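Quick heads-up: structures coming right below.
In what follows, subunit A forms one complex with subunit B and a second complex with subunit C.
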Partner chain A sequence: MKGDYVFLYILVFLSLFFISIVFLLGFELYQGSSQIFSIYGINFILGSVWDPVKNIYGIAPIIVGSFLTCLIALILAVPISLLVAYFISDLTPAKLKPFVSSLVELLAAVPSVIYGLWGLLVLAPFLRSNVYLPLQKTFYFIPIFQGASTGYGILTAGIILAIMILPTITSIIREAIELLPLQIKEAAISLGAFRYQVARIIFIHLKLTIIAAIILGFARAFGEAMAVAMVIGGKHGFPVSIFDTGYTLPSIIVNEFTEAVNPLHYDALIAVGFILFIIALLNIVFARLLIYRSTRFFKLSIT
Partner chain B sequence: MNAVSRILMVGIVVVIIVVAGVTYWYLSQTPTQATRIKISGAGSTFMAYFVQKAAYEYAQKYPVDIDYAPIGSGAGIQQFLAGTVDFGGSDAPLSTQQWQQAGDALHIPVIIGGVVIIYNIPDLPPNTHLNFTGQVLADIYLGKITKWNDPALVSLNSELKNINQPIIVVHRSDGSGTTYIFTQYLSLVSQEFAQKVGYGVSVNWPAPNKIGGKGNEGVAAQVKNNPYSIGYVEFTYAVKNNLLYGYLENPSTGEFVEPTVKTIAKTADYVSLSLPSGDKDWSSISIVKSFLELAKTNKNLSGAYPIVSFAYIIMHKELSKVPNMTKEKAKALVDFLKWLVTDAQQYAEPLYYVPLPQSVRNLDLQTLSMVTFNGSNL
Partner chain C sequence: MRIPSLRRFYDLIFVSICVIAFILAMIPLAWILIEIIINGISAFSIQLLTNLPRPAGVPGGGIANYIQGTIILVAIASLIGFPFGLFIGVFLSEFKEHKLVPIVRFFVDVFAEFPSIVIGIFVYVILVRGEIFELFGVQSICIGAICLGPMGFSALAGSISLALLMIPIVSKSVEESLNLVPVSIKEAALALGMSRWRTVFSISISYARTGILLAYILALSRIAGEAAPLLLTVLGSYYWFSGLFDRIGALPLAIFTYGISPFEDLRAQAWVASLLLILAILFLNIGLKILIRRRFAW
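== the complex of A and B ==
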């Protein structure tokens, strides 16, 4: 009995310890950036010029760049993830299933700097000559297809992020499909549904899980620093075409923090970290709430 | 328990015993670590290979271990000011404010770096070295010269006459000492660049047709993959990777100079007389600036490449200010640094760094002789 109490106290201590680390982190980031917020106020978030030489710090284009790369990543990754998840859970022979799913999850195990190097040296030059330049030639009259196309930029970063978040989204949805009561599938099949109709019914049932998976994938993409920093091109300013270069919140920290000799520049980067922390926190909370709601929904629907 | 798992258990126990025994034997063989002096430094990534190589060689000869963490110049200065490291490494000198905060900081140039211009023009025959002047480079990076066959470029390089292609400007997207030196050079040669952009470790580039690359490798890759682009990288990186680079005008003689170990060291040698003593405020000191000023009056500074800079080790003059410093350790640190700026310079060239000329070594030794511990000389 005594052992139980000791065990309990150890667990309580450990959990409190980790919770307090999150709060300390937030507090530390806030403290480090408070000077920036008192000098620039809301202009730090709404300003569009980032010029460390003249001590002007505005991160609106960087926030836009962050959301834009993640949006591109999600547009590319979500449909593929859904289909791959359905394929693995329902169509793959049982013997091959662990093999196929672990291959997909292997994508998540590749370190991000490897993706970055691959993007820098292989993907960007390939996309430039085989995709971007032909696209530009065909759609030259549409404004967002104009401008210089170097292979580096927001679109390439989005494509790399799509590959990186694919396993995250796939594995969440796959597990959810496998947890789905068998009766739903059986009912659909016994009514003579086609395969894509079965898939549709499954996805409709998993609506909330899918949204949560997307949000978690988004969080992963939003926080990715290294791979993005290597291919995004680092332009301070709003992107004017889909081939344009830009910046994201984590990649500017990776890029500029090590050599930020100017104290205000240093603080501004910590403030970027604070904004990133807030957005990431909101994201996770939102996803957790959705997952919570969706699991409750299942318990209700089964009984 | 079946036979297989019993054998497995015995096997694991045997392995653990053997590993523990070997580890114990190995540890008892090496001399005890307690008698070795530990010194820590952190900062500039540029000088890291050199300092680490020197530290390794030094540890073979003397019972002193120097641990240098390449965390970047900005972070290195922060750590130095906070007293968490014994010395800092930086590509840029301390700002006046930081220098005052430190109280008694010494600047010790330990190695020289240069910035070279790289480009990719597929139409040119291989190994064509283009000529550039500071003004032309500033105009390219300002976005005023946008084509390779611009008259200003053609007058320097007749082979560019028929290359009617837009210039893609590649710059460093990460904060870097290379950008600092390059933009400083451009600001000094062009009034307009100084006003519109200024200089720093990361700046707001005005050229419209541009890409940022992360690190020297990022800039090099983007120049390689984008025809008709131009970029700038650290000299050591260009040499190590056999990149094709441009020649730069020497403002003193008007000749176009190839960046080499010799021409870069030469520039540092020319300006060494104008350098202040190591305990003064170095915030406004730069080789580029001193050289360009010298070149205005002296027209005989031949064979000098203009975009050159020092990497500094920064330390306290009164070492008892550093937490956990002992007299013994202070002496070891000063001895190491004296060795670093003299004998250790032999390791610079094999690692593609530019060693210090004799004049700067003398200045460093003078600076190091000022170091004290609790007021007494070391």
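== the complex of A and C ==
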């Protein structure tokens, strides 16, 4: 029918328009930062000095800071989210399941700027007096524990990021556990496996999904702007200890964008955004392909 | 047969570690909510909801324009983003045999995970600076008497960035809820000679209206708290809304700028803004969900 063709063409047009927005995004970010790349070349990424007043832009310390905070976040969040995912899908009574899982989803619903406010005014002062200073007193001989700690910095940002990516990782793994063919679990139980052994078998079968979830969590942490910008303290140069202040790629955009000193400074921040976009894109695409692959595998094994 | 007690012991330890992990994950949630409620209520006063902001130290300042700004931004974003997302969701779910569908789904999935600040920079480059017009080789695009040029920091640019964030969220959940529509109903409609687009609108969307409404609410609660893209496209304002092409205030931006300020009274207002924002999000997430389930459930 004629109406159907028109309808389908409208839908196809809108979908292609959406896809072209994604391409335009990449192209415009590249275009916006091309001037920076032509002036500084590879030194933009490898340089270690960021001084807008003298128009020197190098983001190596910022990239290091980004990876460091995300690494801390993953170390803290991954084990907990694995356990929480198993807890929700297998240990919670069926009646309580919607309630418990919506509690975890609520953690994802809190806006990042509120995490930032809480981190800035509550968590950082608390951590400084109750955790960081005692830690430094005990482990003063370990190099990465030295240096002044204000409560704001890499570690605090990592902790906040861990809280924020926990629901992401948990919900992906929980959904995968629920998609897993029941026979696998039944076979394990009928062989007399205890719950920790069942969990181990589930996690072995979900290897790919877990890796994908971790990568997606990493991408989420890597792109998180507001909360990190509020607690990381903001310091140019390589961080020397985990209590040191620093910068991440998104947080430098947030902190310096409103007070950029000259047009080139704006361009440099756009270039930072471009680098962030590339790294996030690679992670997301890789994780998505892994998820598609693993779910296809399960659909095949069910039928 | 007796089960070796060591395994039973391991099992007990494993289960208790799971419970501890869950409690550990819930501590921050409870802590944040308690802090917001305590600090927000203690600083709350009715004049905060009616007055414009005043400089730090001057009593009588309010956050009214930020509330207004957030409502306006979210409303315009919904006008643009919701239909767009809805149509893509319909395409993904109702035309599964189309060869574009897997590609579109991949792009939607990838776009959904993009850092929101990247989308903010994108909108800053194309609209606030107006480089989209350079792409076409013109200064501005005119349709009749209305001319669109580089917008500068403006409410419209902010709304568009929020709309972009909204599209993948809406289309993914619309797709999921349309997938739940029984095929038999659609087949019945088609067998009676209904055209396909009528089937989509009168049968599928009507059947899945609860899910679609929930998709919209989910997206709404997600974008209401976004600050990063707004910072790059709106920049914030201390005055009432004065037009689509002017700067506008927003609650998340107020939380950020007031939170990092050194003044005690502004920080207190940031807590109140957080209280309002989190109440709105909780209301959307929990209250409306229950209400809609009860009202529209089949």
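Here, the second predicted complex is superposed on the first by the 297 of 303 C-alpha atoms of A that agree within 3 Å, B and C clash if a C-alpha of one lies under 4 Å from a C-alpha of the other, contacts with A are read in each partner's own complex, and residues count from 1 in each chain.
The rule is short, and it goes like this: contacts are C-beta pairs under 8 Å (C-beta built on N, C-alpha and C of every residue); 3 or more make two chains touch, one makes a residue touch a chain.
These numbers were taken from a predicted model, which means no experiment stands behind them.
Superimposing the complexes on subunit A yields a three-chain arrangement in which subunit B and subunit C clash. Look at A:A176: by the touch rule set out above, it reaches neither subunit B nor subunit C.
In the superposition on chain A, A:F18 makes contact with subunit C only, while subunit B stays out of contact range. In the superposition on chain A, A:L91 makes contact with subunit C only, not with subunit B.
Look at A:L83: by the touch rule set out above, it reaches subunit C but stays clear of subunit B. A simple residue count on subunit A separates subunit B from subunit C, and the partner touching more is C.
In the superposed model, A:L127 lies in contact with neither subunit B nor subunit C.
Applying the stated contact rule after C-alpha superposition, one finds that A:L166 touches subunit C and leaves subunit B untouched. In the superposition on chain A, contact of A:V64 is made with neither subunit B nor subunit C. By the touch criterion stated above, A:T258 is placed in contact with subunit B and with subunit C alike.
Once the two complexes are laid over each other on the shared chain, residue contacts for A:T150 go to subunit B alone; subunit C is not touched. Shared contact residues of subunit A, touching subunit B in one structure and subunit C in the other: 116, 120-121, 230, 254, 257-258.
Every residue of subunit B that touches subunit A in the complex is listed here, in rising order: 45, 71-75, 77-78, 90-92, 95, 97, 166, 168, 171, 173-177, 180, 183, 197-204, 209-214, 217-218, 221-222, 225-226.
Subunit A contributes residues 49-54, 116, 120-121, 124-125, 128, 148, 150-153, 229-230, 232-236, 245, 254-263, 265-266 to its touches with subunit B in the complex.
If you check the complex, the residues on subunit C that touch subunit A are 3, 7-8, 10-11, 13-15, 17-19, 21-22, 24-26, 28-29, 31-32, 35-36, 84, 87-88, 90-91, 95, 98, 100, 103-104, 106-111, 113-119, 121-122, 124-126, 129, 131-132, 164, 167, 195-198, 200, 221-222, 224-228, 231-232, 235, 252, 255-256, 259-260, 267, 270-271, 274, 277-278, 281-282, 285-286.
Across the complex, subunit A meets subunit C through its residues 1, 3-4, 6-8, 10-12, 14-16, 18-19, 21-22, 24-25, 28-29, 31-32, 79-81, 83-84, 86-88, 91, 100, 102-104, 106-107, 109-118, 120-122, 163, 166, 170, 192, 194-196, 199, 216, 219-220, 222-226, 230, 250, 253-254, 257-258, 269-270, 273, 276-277, 280-281, 284-285, 287-288.
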